[in-house]
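Labels run A, B, C, D, E and F following the written order; every chain starts at residue 1.
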Amino acid sequence: MSGLIEYAEASPEVRAVYDDIMATRKTDWVNNFWKALANDPPTLRRIWASVREVMAPGALDPLTKELLYVAVSVTNGCRYCIASHGAAARARGMSDAQYAELLAVVGLANQTNRYATALDVPVDARFIQPPHGQ
Amino acid sequence: MSGLIEYAEASPEVRAVYDDIMATRKTDWVNNFWKALANDPPTLRRIWASVREVMAPGALDPLTKELLYVAVSVTNGCRYCIASHGAAARARGMSDAQYAELLAVVGLANQTNRYATALDVPVDARFIQPPHGQ
Amino acid sequence: MSGLIEYAEASPEVRAVYDDIMATRKTDWVNNFWKALANDPPTLRRIWASVREVMAPGALDPLTKELLYVAVSVTNGCRYCIASHGAAARARGMSDAQYAELLAVVGLANQTNRYATALDVPVDARFIQPPHGQ
Amino acid sequence: MSGLIEYAEASPEVRAVYDDIMATRKTDWVNNFWKALANDPPTLRRIWASVREVMAPGALDPLTKELLYVAVSVTNGCRYCIASHGAAARARGMSDAQYAELLAVVGLANQTNRYATALDVPVDARFIQPPHGQ
Amino acid sequence: MSGLIEYAEASPEVRAVYDDIMATRKTDWVNNFWKALANDPPTLRRIWASVREVMAPGALDPLTKELLYVAVSVTNGCRYCIASHGAAARARGMSDAQYAELLAVVGLANQTNRYATALDVPVDARFIQPPHGQ
Amino acid sequence: MSGLIEYAEASPEVRAVYDDIMATRKTDWVNNFWKALANDPPTLRRIWASVREVMAPGALDPLTKELLYVAVSVTNGCRYCIASHGAAARARGMSDAQYAELLAVVGLANQTNRYATALDVPVDARFIQPPHGQ
């Protein structure tokens, strides 16, 4: 898998996914991530199906979902994903102040996660959820 | 640093932080994370000051901040932090459906982060932000 | 440790390792990883000894070992290692279709690892191996 | 999402997935991972669809796919996934010697990934793949 | 948050932090990390306060603290932090031989961490610390 | 690989490594990590050889090496390794105050690593080392 598959050179199967991406997102372009995945059409189809389902509006609004995506991508150090989902978050209204607060929470969580692990802090009894249905 | 420092045995310096934690959170108890940090009072004071500032309501609401905390903690595999910030998120109104969607985004981001990295996808020109002030 | 030590400028100790790398791999060149390690000859010697032993054919064939190396490198986000072990895997016969499936498994595992951790799923009794010798 | 949903108490939607898991795997039981996911049926359905597609025999055989899954799970420190996919690998024929070699590769890759990153080793020209189709 | 805020264009609030960084470090320049954080002055102030407190001489000397910073940054794959704290460590006297040994420990720990996790090694009774005050 | 191989039941090859571990460390016991590795004698031998070489006194003293080991283990969330190398550090003189400072640096680095990555901070020219020999 290498190179970027442009719409003009894409197979009908790949074009169908590109068309669905643009229609779902109400845009007229497809970003490089999908053009890279398109080297393996089954991968392109499967990942897009997951993204379309997971990122759709639901119990969480689309902006919150993009913020969560950025938080994970920053923690994992994925430069492309920080750029692409950061742009998606801004397109959905993320302000500079919100981004600064997102990074503050991400930084803090990465810090305190290590304290909790190092000190092997026992989980408080009242944090333990009762089993489902009780 | 080991063991949990209970209020009754805490020094005045530690009690002052515990009191501020309870007052800020409008609760009458302190969770184990702080009791573990209290073995080193300067650490307790410094980390609490950061948490109080970062997690206060701001451009992002407190629930969104807790969701971001959980997303990072799941990605890092911090069991205590998933439990504590999951409970905090539920206390701020997170529904089961919202938690399911949070995990879906976290799982998806962890998956697609690896594709973007493995394929070394070049950042799209339109994702690159202009420098500050332009 | 910085810079790349070329064969022509290398000490006899470093050249001996380079010669062994080329002889073991049946190639006439040494890749940059070793030229960077060569700034500290004991490191070069120790790491090469481990790589030669671990990557030799054994119960797992050399291609499978390279695939595993790539899977770890993608998970850790090591760009150099993805490139070098991806090339080694292709040299041992990895097809484009196999690489696509490797990335699919790596992406999926990174996703489901987070679900298992977040949900704190208890290990099934039948997954627990009996102690050695029983 | 909490607790484990047993077959007897499951909704028809969840039972349909459980039935498909058992039919695909030719077994008569479902492991805890799925019973935990079943608290959110859309998640259960989506993740199972991905696992069924990705882990099916293809260009890579099922044992190799399980080995890759274990390699990622060890790197991420997912205890449940190491146990479940380790068991799946053994069920597909993984010997003790193969597991020892798998761990050797995983350990080595985690070590050398850090050297390559710390030394910022430039990617060798001959490791760079030509764009697709050239 | 984007771009680098130079001293000449900085607000008085930002300049006060820059001045304190230079005074604390006894240097006449500020590195890019702070110029990037300065896009959000509260973040700049909060992170600098933590760094000044944590990195000050104490029970551990400043060189040891920089070595630890580098060890974490290499493990996380943070290129900027490896460069900046590597330079800080060299400025505090880290020799090439010490850096080579640091990387050897970091590589080894990343390797053996995976063995301990994969094999689920039980913690030896004598490694368990008695609770505080006993 | 499973179970712990005690000295009494160990093969001569394994006993030789155990004997060397005890002689090198001037102790009369072997911790569980090695007893777990002993299920695969070549692994036991290879990993011990690396540990013995890397952890020996050199340009860095043994305490500093143990501190670095702990820093990596905390970052990776390896519970066993935090316990074993924490104990080793204490045995070499690590005080409670030093451990508190170690955790402070580890927590801070995990936090600032994410800022540097998220903001894609360019490496300062003066942090870039000249190539070897210049």
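Going forward, a contact is a pair of C-beta atoms (placed from the backbone, for glycine too) under 8 Å apart; a residue touches a chain by one contact, two chains touch by 3 or more.
These figures come from a predicted structure and were not determined experimentally.
On a Cα centroid basis, the chain most remote from chain D in this structure is E. Using mean Cα coordinates as chain centres, the one most removed from chain B is C. The centroid of the Cα atoms in chain A and the matching centroid in chain B are 19 Å apart.
For the pair chain B and chain D, the distance between mean C-alpha positions equals 28 Å. Contact with two or more other chains is made by residues 1-2, 4, 39, 42-43, 46-47, 50, 54, 75-79, 97, 100, 103-104, 106-108, 110-113, 115, 117, 119, 129 of chain A. Taken as a graph of touching chains, this assembly is fully connected, with contact between every pair of chains. Across the complex, chain C is touched by residues 1-5, 39, 42, 46, 50, 53-54, 129-134 of chain F. On the side of chain D, the complex with chain E involves touching residues 74-75, 77, 79, 82, 103, 106-108, 110-115, 117-120. By the touch criterion given at the top, residues 1-2, 4, 31-33, 36-37, 43, 47, 50-51, 54-55, 58-60, 64-65, 67-69, 71-73, 75-76, 78-81, 83-87, 95, 97-98, 100-102, 104-106, 108-113, 115-117, 119, 121-124, 126-129 of chain B touch chain A in their complex. Contacts from chain D toward chain F in the complex involve residues 77, 96-97, 99-100, 103-104, 107. By the touch criterion stated above, chain A contacts chain C in their complex at residues 1, 39-40, 42-43, 46-47, 76-78.
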